[in-house]
Amino acid sequence: MEPLNALVSVTNFMLIPAFAYGSQLALGALGITLIFSILRFAHFAHGDTMALGTAAVIGGTFFLQAQGIGLGGLPTALLAIPFGILVMVLYLLAADKLVYKYFRQVKAKPLTLVMASLGVMFVTNGITRLFMGVGETRFEDGQRFLFTVREFREFTGLAEGMALRSAQAITIITALIVMVVLFWFLTRTRAGKSMRAYSDNEDLALLSGINPERVVMITWTITAILLVLAGTLYGLDKGFRPFNYFQLLLPMFAAAILGGLGSPIGAIVGAYVVAFAEMGITFAWRRVFSYLMPEGLEPTSMMQLLPVDYKFAVTFAILVIVLLFRPTGIFKGKVL
Amino acid sequence: MSLTARDLGLFAIMGAVLAMVAMFQSPQLAVTILNMSLISAIMALGVNMQWGYAGLFNVGIMGFTAVGGLAVVLIAQPPVPEAWAAGGLGILLGLMLGVATILAAVVVYKRMSPSKLRGFAIFGVLVAGYLITSYVFGPAKQAVQAVNPASEGYLGGANLPVILAWPVGGIFAAGVAWLVGKVSLGLRSDYLAIATLGISEIVIAVLKHERWLARGVNNVTGIDRPVPRPVDLQPQPWVQSLAETLGWSVSQTASVVSGLGYSLLFLIVLAILIWLAERALNSPWGRMMRAIRDNEVSARAMGKDVTRRHLMIFVLGSAVCGLAGAMMVSMDGQLTPGSYEPLRFTFLIWVMVIVGGSGNNWGSVLGAFVIWFLWVQVEPAGRWFMDLVTSGMADTSALRQHLLDSAAYMRLLTMGVALLLMLRFAPRGLIPER
Amino acid sequence: MAEPVLIGEKMSGGYGNGPDILHDCTIAVEKGEIAVIVGPNGAGKSTAMKAVFGMLNLRQGSVRLNGQDITALSPQARVGKGMGFVPQTSNIFPSMTVEENLEMGAFIRDDDITRTMAQVYELFPILRDKRRQAAGELSGGQRQQVAVGRALMTKPTVLMLDEPTAGVSPIVMDELFDRIIEIARTGISILMVEQNARQALNIADKGYVMVQGANRYTDTGAALLADPEVRKSFLGG
């Protein structure tokens, strides 16, 4: 029995990746939940906008690399993020002006706005692929590991190794900073409070002199920031493929609904629940248990509850279970 | 079943466009577009039942068509006796155990009063059931997949006439839809969207991963076809003489004839479905459905069981999608789970319904034709356009190459723009609901 | 007679392009006074108030605030001109704290709002204790206090209340009316629609009895209470 080795193993293969993945999902789900509470529709273009934002960052990264500009040990992409954010803010505001604003003004049903977001999804999808194709693009550079398996082993003397990739560390740190800043913004600033007020009670917000178009603009801007960060971090961690971003739509929505649509804290909690459940259930526990069980009783099978291909099934199952027992999500969300 | 002169005119224009494709591009292409348009029309019809009649937002069309496609394999393919001998029983037993586990959990849920204990009991039942099931199922699955994996490695089908797979495909999809609907209908409206999105991904994951079922990503090819293949038609004397009359090559004639055979079958199915759908829409039942759609609250207040009606229409619409999915697989003669993409199989169908005119069956059909035509033709048009734009550049120019390679994605852009323009300027579609 | 602080004069109109609900209806309130609109269900009481606040299109008549014609202004602009409005329902931001609700009330102000907030807390001491609590978690009476407090944050010259006591207990209602009198004493004019006609007329300087979108009786609150006709038809004897 070697519980320490088991702990290292589970941290290395399950907890760290899940934490990083959960952080990426959380940033995405926050955007979905913000759009839902302010603009009151399910933003289906979210995954593809995320892909486009990441594409912009990648473009910036390649440009910087060609100029020989870098961040030393850190990925060059971090330097290109402001550029990506700028591009996406402009893109989303343009999409709002050209598409969503009209439907808002004629007070269209929420599902019409959802349809419109499908249209934006197609367009965004096409633009991303025009630039990037469908293949995988890797843009992570700099120092790949904060510490490697071998360094960890030599340092601790344990049989089991652990590595921390810089992309994962950056993801977790960035996500935590962004969440703190977002909450500070929403609870402490005038603009943030006006967003919450608008989300709470649109008519009263109007009566109080809050300008809805301004609130909408701020929402898209924040969404753009969240999108670009989430997309870039995901891409640094796992490589960039447009279709993977589209597929993130399901876990991101699941996270937002799970936590309670419209509740930012819910989106974050929901994202980590989804991430840890997905990873935990599709994780092969054999190695971990081989340290935990007494000698001679080591497991022979993979001890994997479900193959990795079924990670969507896990997301879906959690979603169904939560919705059956608590339809408003973990933190009370809005009803459409 | 009223079509105005304007609607007929729109259909006539569409027909003329296809005729032009036959004349200026190639007859095969025209027939291919026609056939896929017919299949898309049936899918759009199914979605229109759900959306147009009842306002249900289904974004899992891909899953239902794929389930329909699975039916073709399970019905038409010959069984693999070695595989059955190796693990058939184990798989059947495993499936039954799986179902029994879920049923047991449901029974526990219904019988016990709500408490922590119930939660643990359900959890216990599920875990125990999972362990027993995988103990039986796992080895059987491995055994089946080990049988001649290069060409088989699955249980095979029932070796029945392939045409039978079409209704069965509908039934399969209906079954899945019933399960999804049972869970998510009656909750908030956006839950159905997320639930269908999820289930469609799961269906594809199952098809890709469960190789014992339909060979997964190894694909099932060479499935029996309901219409003679072009290769079999070529030696036929009447085909050869037809080719001579038309002045076409024999192979071209054979593939057009074979394609038109499908067109005929698909047209029959489409005609029956339209007839049924129109009758249903204009019956008291259809009026009730639309009343529910337009004002759910008052329909509920009048004592209508809205959730049940929704479940019914959801199952029916999904069954139509499953039928179309089965038709598509039997036309291709192969099931390739890797080719199912939500953009193509779910969202494109939505564009068809919206562009055609939601709530109008004829509109969905027209929308399917228009959008599928664009989908096929925008790519060459995009390539031509890119070629024109970049004609000043050197042939070796990286940018030119990149733009030419990317022309394929113009179709996504076009679809998006078409959808947005329709929503903005003609939200009721080409043929509006009456 | 001097021009009242706020007057909606000879107003006729309805919602959107629908039929007229108001017919030649006049509502006015003097500085520091309380005016109450009462009448049977469907008489157009709330509609009259909404007309004064610019929430429906007037076909005829005008609205003047401090002698200035504001008929063409949007409700938001009227808030800027010094009108505070407390809707009957959804009149708070439920997920925001009491203090944030008050802050949002003062959204259009650029100056220091701490004094106004202190005044509101003085008026409704319970709100000071609960200022960090989400407004949606408060009791019905406390929520109404939040709603009134929010409207006071713009330092309005006229405060309009649409059935402020709907759904609260009689004790809370008395308490709320006391507060409203206090507000009026600070020089703010109050225009109020009320179901509880008798109690409302008790505190009213002026009462408007409306029937079918038109003025039926207009007098001081006391006079209306004393009028046998009004008592019989509208106050239950």
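In this document, chain identifiers A, B and C correspond to the written order of the chains, with residue numbering beginning at 1 in each.
Heads up, the rule we're going with is that a residue touches a chain if its C-beta (ideal position, glycine included) is under 8 Å from a C-beta of that chain, and two chains touch if they have at least 3 such contacts.
Owing to the predicted nature of the structure, the values given are computational and were not obtained by experimental measurement.
A.B. asks: Per-chain C-alpha centres versus the global one: which chain is nearest?
C.D. replies: A
A.B. asks: Report the chain whose CA-based centre is farthest from the CA-based centre of chain A.
C.D. replies: Chain centre farthest from chain A's centre: C.
A.B. asks: What whole-number Å value describes the gap between the mean CA coordinates of chain A and chain B?
C.D. replies: Computed from C-alpha means, the inter-chain centre distance equals 30 Å.
A.B. asks: From the C-alpha centre of chain B to that of chain C, how far is it in Å?
C.D. replies: Result: the chain centres lie 58 Å from each other.
A.B. asks: Compute the distance, rounded to whole Å, between the mean C-alpha positions of chain A and chain C.
C.D. replies: Going by mean C-alpha positions, chain A sits 47 Å from chain C.
A.B. asks: Can you list the residues on chain B that touch chain A in the complex?
C.D. replies: 55, 57, 59, 130, 183-184, 187-191, 193-195, 197-199, 201-202, 205, 208-209, 341-343, 347, 350-351, 354, 405-406, 408-417, 419-420, 423-424, 427
A.B. asks: Under the stated contact criterion, what part of chain A meets chain C in this complex?
C.D. replies: 190, 193-194, 196-197, 199-201, 203-210
A.B. asks: For the complex, give me every residue of chain C touching chain A.
C.D. replies: The contact residues of chain C facing chain A are 75-76, 79-80, 85, 87, 90-96, 100, 103-105, 107-108, 150.
A.B. asks: Okay, in this complex, where on chain A does chain B touch?
C.D. replies: Spelled out, the residues of chain A in touch with chain B are 42, 44, 99, 102-103, 111-112, 114-116, 118-127, 129-131, 133, 243, 246-247, 249-250, 253-254, 257, 261, 305, 307, 309-310, 312-313, 315-316, 319-320, 323-324, 327, 335-336.
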